[in-house]
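Presented below are the structures under discussion, each in the form of structure tokens.
Next come two complexes built around chain A: one with chain B, the other with chain C.
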Partner chain A sequence: MDNFEKLNQIFRMVFDDNEITIKPEMTANDIDGWDSLSHINLIVAVESAYGIKFSRKDVLSFKNIGDLYKCLESKL
Partner chain B sequence: MTFTSIFFIVFLLGVYLIFRVSPQKYRWGVLLIASYVFYSTLNVPYLILAIIFITAATFVGGIQISKSITPQAKLAWLWFGITVNVGILVSLKYIPFILDNVSYFTDVEYAFGRQIVSIGVSFYTFQAISYLTDIYLEIQEPEKHLGRFSLYLSFFPKLLQGPIERASALLPQLRSDYHFDADDLKTGINLFLWGLFKKVVIADRLALAVDAVYQNVHDHSGISLVLATYCYALQIYFDFSGYTDMALGIARVFNIRLTQNFNNPYLSTSIADFWRRWHISFSTWILDYIFKPLQFEFRKWVRWGTPLALIITFLVSGVWHGASWCFIVWGGIHGLYLAGSAMLSKPLSRVYKRFRIDKSQTFKIINTVITFHMVCFAWIFFRSKTLADSVYIVSKIMTVFIDITVPKLIGDSEHILQLLGKQKFEIVIILLLTALTLLIESLRHPVEDNSRRIGLSWLAKMPCWMQGTAYGLILYFSLFYGVSTQSFIYFQF
Partner chain C sequence: MPIDITDNCNIGYLCTEKQCYIGNGNKIAFRWIDLNGLVKDYTFTELHTESSRFANVLKNLGYKIGDVFFTFLPKSTEQIISFLGSLKLQLVTGTLFSNFGEDALLDRLGNAEAKVIITKKSFLKKIIKIKEKLPRLEHIILVDIDDHLSESVMSYSKLMNAADITFKVEMTRPDTPSILHYTSGSTGKPKGALHAHKSILMQSKTTEDILQLLPDDVFWCTADQGWVTGTSYGIIGPWSLGISQIHYAGGYDAEAWFKMLAEQRVTVWYTAPTALRMLMREDDSFFENWDLSNLRCIFSVGEPLNPEVILWARRVLGKDIYDTWFQTETGSIMISNRPGLEIKPGSMGIPLHGIQAAIVDDDGTLLPSGVQGNLCVRPGWDSMFITYFNNEEIYRSKFKYGWYWTGDTAKIDEDGYFWFMGRSDDVINTAGHLVSPFEVESALLEISEIAESGVIGVPDEILFEKVVAFISINKNVEWTRDLELKVRLHVSNKASSIATPQEIFVIDSIPKNKSGKIMRRVLKAKYMGADLGDISTLDI
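Right after this comes the complex of A and B.
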């Protein structure tokens, strides 16, 4: 399973929906339940799954899933 | 000079004419001079100094953040900009409050500071902070043209009460050329008239009833306090959204689209939903620049991190609205509402799904009614003169529900009718107009489709005679039923 597929699994787990198929250009508006409150659950889940730490600047500048994935790959 | 004065209409006409005859490359200059003239009519010279200083510090800060090479230097410039902005905001807005509290504990009276006026400062400092932060986050390029940047901070339709515009939304519009567009002009005038009507006919009429009760809360029964609180909820909505419509309308005349601030907030089905529909430019600001960084820092506390971040964010929101304990308690109440719903949302949504009520219309209506009352409860603190008054109102309202009897209700109603005296007929008209306006507002297009959400745009599709009658009625009510003595509520923030 590549990293993008693994990220997709994390999305499915965090937002409790096995139908989710992520794409780089997708944003919170495209996924049910992804709002400003639940966003942090996604960040924490990604951090623990990959054993990485995002900085505040990283997290605040994500505009879509592509940005999150790029930042994630740069830390692996 | 407020939007509702004749003087402003003359000023606006003058600016529009000069703007139209000026060459394209100087049009930003016309709007900038107009904005500074508009601000200077408040007759508070240090406010002009404050905006010039904030503009200069933020302009330099933005360029330096982008130019700096090391992350430490970028961060240092960001903090420089934020400190200047917050420093000026605090000095102008909070000195009287700080001195009052110091006097209370030291028994020394400070006359200094009571006369300080800070109209507009909280709006453009917040705009400046978002500009600097976005450059730091590399989601915004710094503006290199000092004139256009000054206009971004000071553009007169949104200078005194917002909307708090993001650089990414407003700067590109200020850079692009103006081309006459009859639709924009018509829409701008529509929005301005609609906002004027909401402000002078509805909000200011309701204000008379609200003020009568809230000035002397001890003279009133529980029922009048309940009614006055409902009226205040409507007043503040019509006042602020009326102002916003006027601001959007004025900007639209110059082909500039400002952010929509309201989306039928009293139809919200939860407090979180309310904050997505009420003062949207402010709520998204505190979400992005206070809540998100705090939530990120607090993520190590798993369950408690988000609720704590919400409470702190809304306490800051209370302080932003004004230096008084009433606003702080108002913010705290909203923080507690949201923290509670963040903690309970998962278990509750499971229960709703289990009983299959999550999609029921009745359940939605019940939630809307409950949310409206929760918002009204918090408004009591927002409107009261002192915290002691708010506590008195809440306790008095409680007794209405605990100690309710038919003779008492009849007695109270008679008392209210007596108070209204000859104004009964007028009150009925105003309540009908309020209901009609709320209905028209709720029929408007949702906020997501900003291009179509344009005040009375629905009127444009009607036959000519109907358009004429509608405008005639709006003007008639604004001129003859308007109350022009009230200033806008959000001026004080």
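Right after this comes the complex of A and C.
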């Protein structure tokens, strides 16, 4: 499983929806339940799965899933 | 001028068909703006025919006056149309916040004995999981499938296509039950505050007197229709007066919102302190990009509006913000700031004309100005809740010494302005949403690793209050990042994202008194680093 597929699995777990298929250009508007509070769950889940830590600046800079993924890859 | 209800007091009728009769048929009732910025206008005639069509859908399925219908949708045109259609048929009409998890849904749908619900395909699995515990639930209508999935899971578009656009709204009495909104208490399950059709009188009056909407205004209420503000002022109040509204599918987004305010020439904007505090984080130069010359007034509701926000808006936007206060139970604004009344930053304002509010002590004695006490309102206003659905005993307990007890504490100054001080119970107000600590504690205890839980609200500079959980974990269980994630996701998916603890502390045991009640006061003091106070009843 590549990292993007692994990220997709995390989205499915966090938003409790096995039909989610993420794409880099997708934003919170494209996924049911992705609000500012569940965003924290997502960040914690990604950090936990990959053993990394996002800075506050990182988190605020994410405009879409592609940004999140790029930042994630840079930390691996 | 008060709206005329002599021909019919039905909310669905007064907001749609009546508007056509009085000459607003071709006027835009709302401009729908989707997440991609696509715009679709609905005239009052279209709102009337589409909501009538939905009334026929429910009628054709066999529903009749008094049956319970719920919407469980994110902001959408279908939510608005079905809400009004259901009211036309005189069904008890509830709305559910779209981020509710299955436990939250079960509590509400179960208590209400709901018979029919409208939702979307991706939410269906939440309902399927609890369906066996909802024996009264007969139909689930999905807005995003083309064909019926079964006799009980049906397609909205197919049902609508088969339904007639003509529907005669039967004469509806003012006291006929109408809207059902659930609200959280500090103990027990959420309670369904039920209103009557006559609530429209107050919603209309406050839209006119407090929000001061005029016939040519463009009004935008950012509240979700899952909550009382979204129905009282995102639907009923403005449309009872034939006012055009903006409805936007998305949530908070500074750029999208200001683009909307400028491009749609919004004249009156009703939003929430949390959103305003988030806007304050933007650089001042951001606000120079938008022409807000059409914007006449900004109103706020949900949590107390701190003075800093008012001062910021004066400096950066060149506008005042008028804070308003009401509750799910009150159905409409009760105490408020408003244009023409001097703003005292941080104050709730003064009661609406005809509303008698007071500060009383625990024995019901009126307290003088400057003294903090229980905020109470004299019962009898038209939008007052008529019961807690299937919970008459708790409803009655809210009325003592001739007053409705709001559960808020406040004080009055010498000029008659009210000042919010806090809650008299443990209910948490986070971003304008009331969260029951009991509900979160119950969800936490469903996790096998957790032995005890205690949940409190603590001050937060953006959310007003945030949810903080104290837990003790079972022996031989290690607190790890993975377990923290499990806890977060469990609460989020079972209750809702707004109930998810922002901070979790693992402690040896949860402080309880000798009768086993969680001493949240002690947890709060511990969190704030304050004196623990009298702990003589603590069971140690």
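Here are some notes:
Note that the second predicted complex is superposed on the first by the 76 of 76 C-alpha atoms of A that agree within 3 Å, B and C clash if a C-alpha of one lies under 4 Å from a C-alpha of the other, contacts with A are read in each partner's own complex, and residues count from 1 in each chain.
Going forward, a contact is a pair of C-beta atoms (placed from the backbone, for glycine too) under 8 Å apart; a residue touches a chain by one contact, two chains touch by 3 or more.
Model, not experiment: these values are computed from the prediction.
Contacts of A:52 after superposition on the shared chain: neither chain B nor chain C is touched. Of the two partner chains placed by the overlay, neither chain B nor chain C lies in contact with A:26.
In the superposition on chain A, A:43 contacts chain B only, with no contact to chain C. Residue contacts after overlaying the shared chain place A:61 against chain B, while chain C stays out of touching range.
Between chain B and chain C, the partner in contact with more residues of chain A is C.
Touch criterion met: A:13 reaches chain C, while chain B stays clear of it. Residues 36-37, 40, 44 of chain A are contacted both by chain B in one complex and by chain C in the other. Those residues of chain C whose C-beta lies close enough to touch chain A in the complex are 35, 74, 98-99, 101, 120, 122-123, 125, 249-252, 481-482, 484-485, 488-489, 492-493, 497-498, 500, 502.
Within the complex formed with chain A, the residues of chain B that make contact are 136-139, 272, 287-288, 291-293, 295-297, 299, 302, 305-306, 342, 345. Every residue of chain A that touches chain B in the complex is listed here, in rising order: 36-37, 39-40, 43-44, 56-57, 59-61, 63. Contact residues of chain A toward chain C in the complex are 13-14, 16-17, 19, 28-30, 32-33, 35-38, 40-41, 44-45, 47-48.
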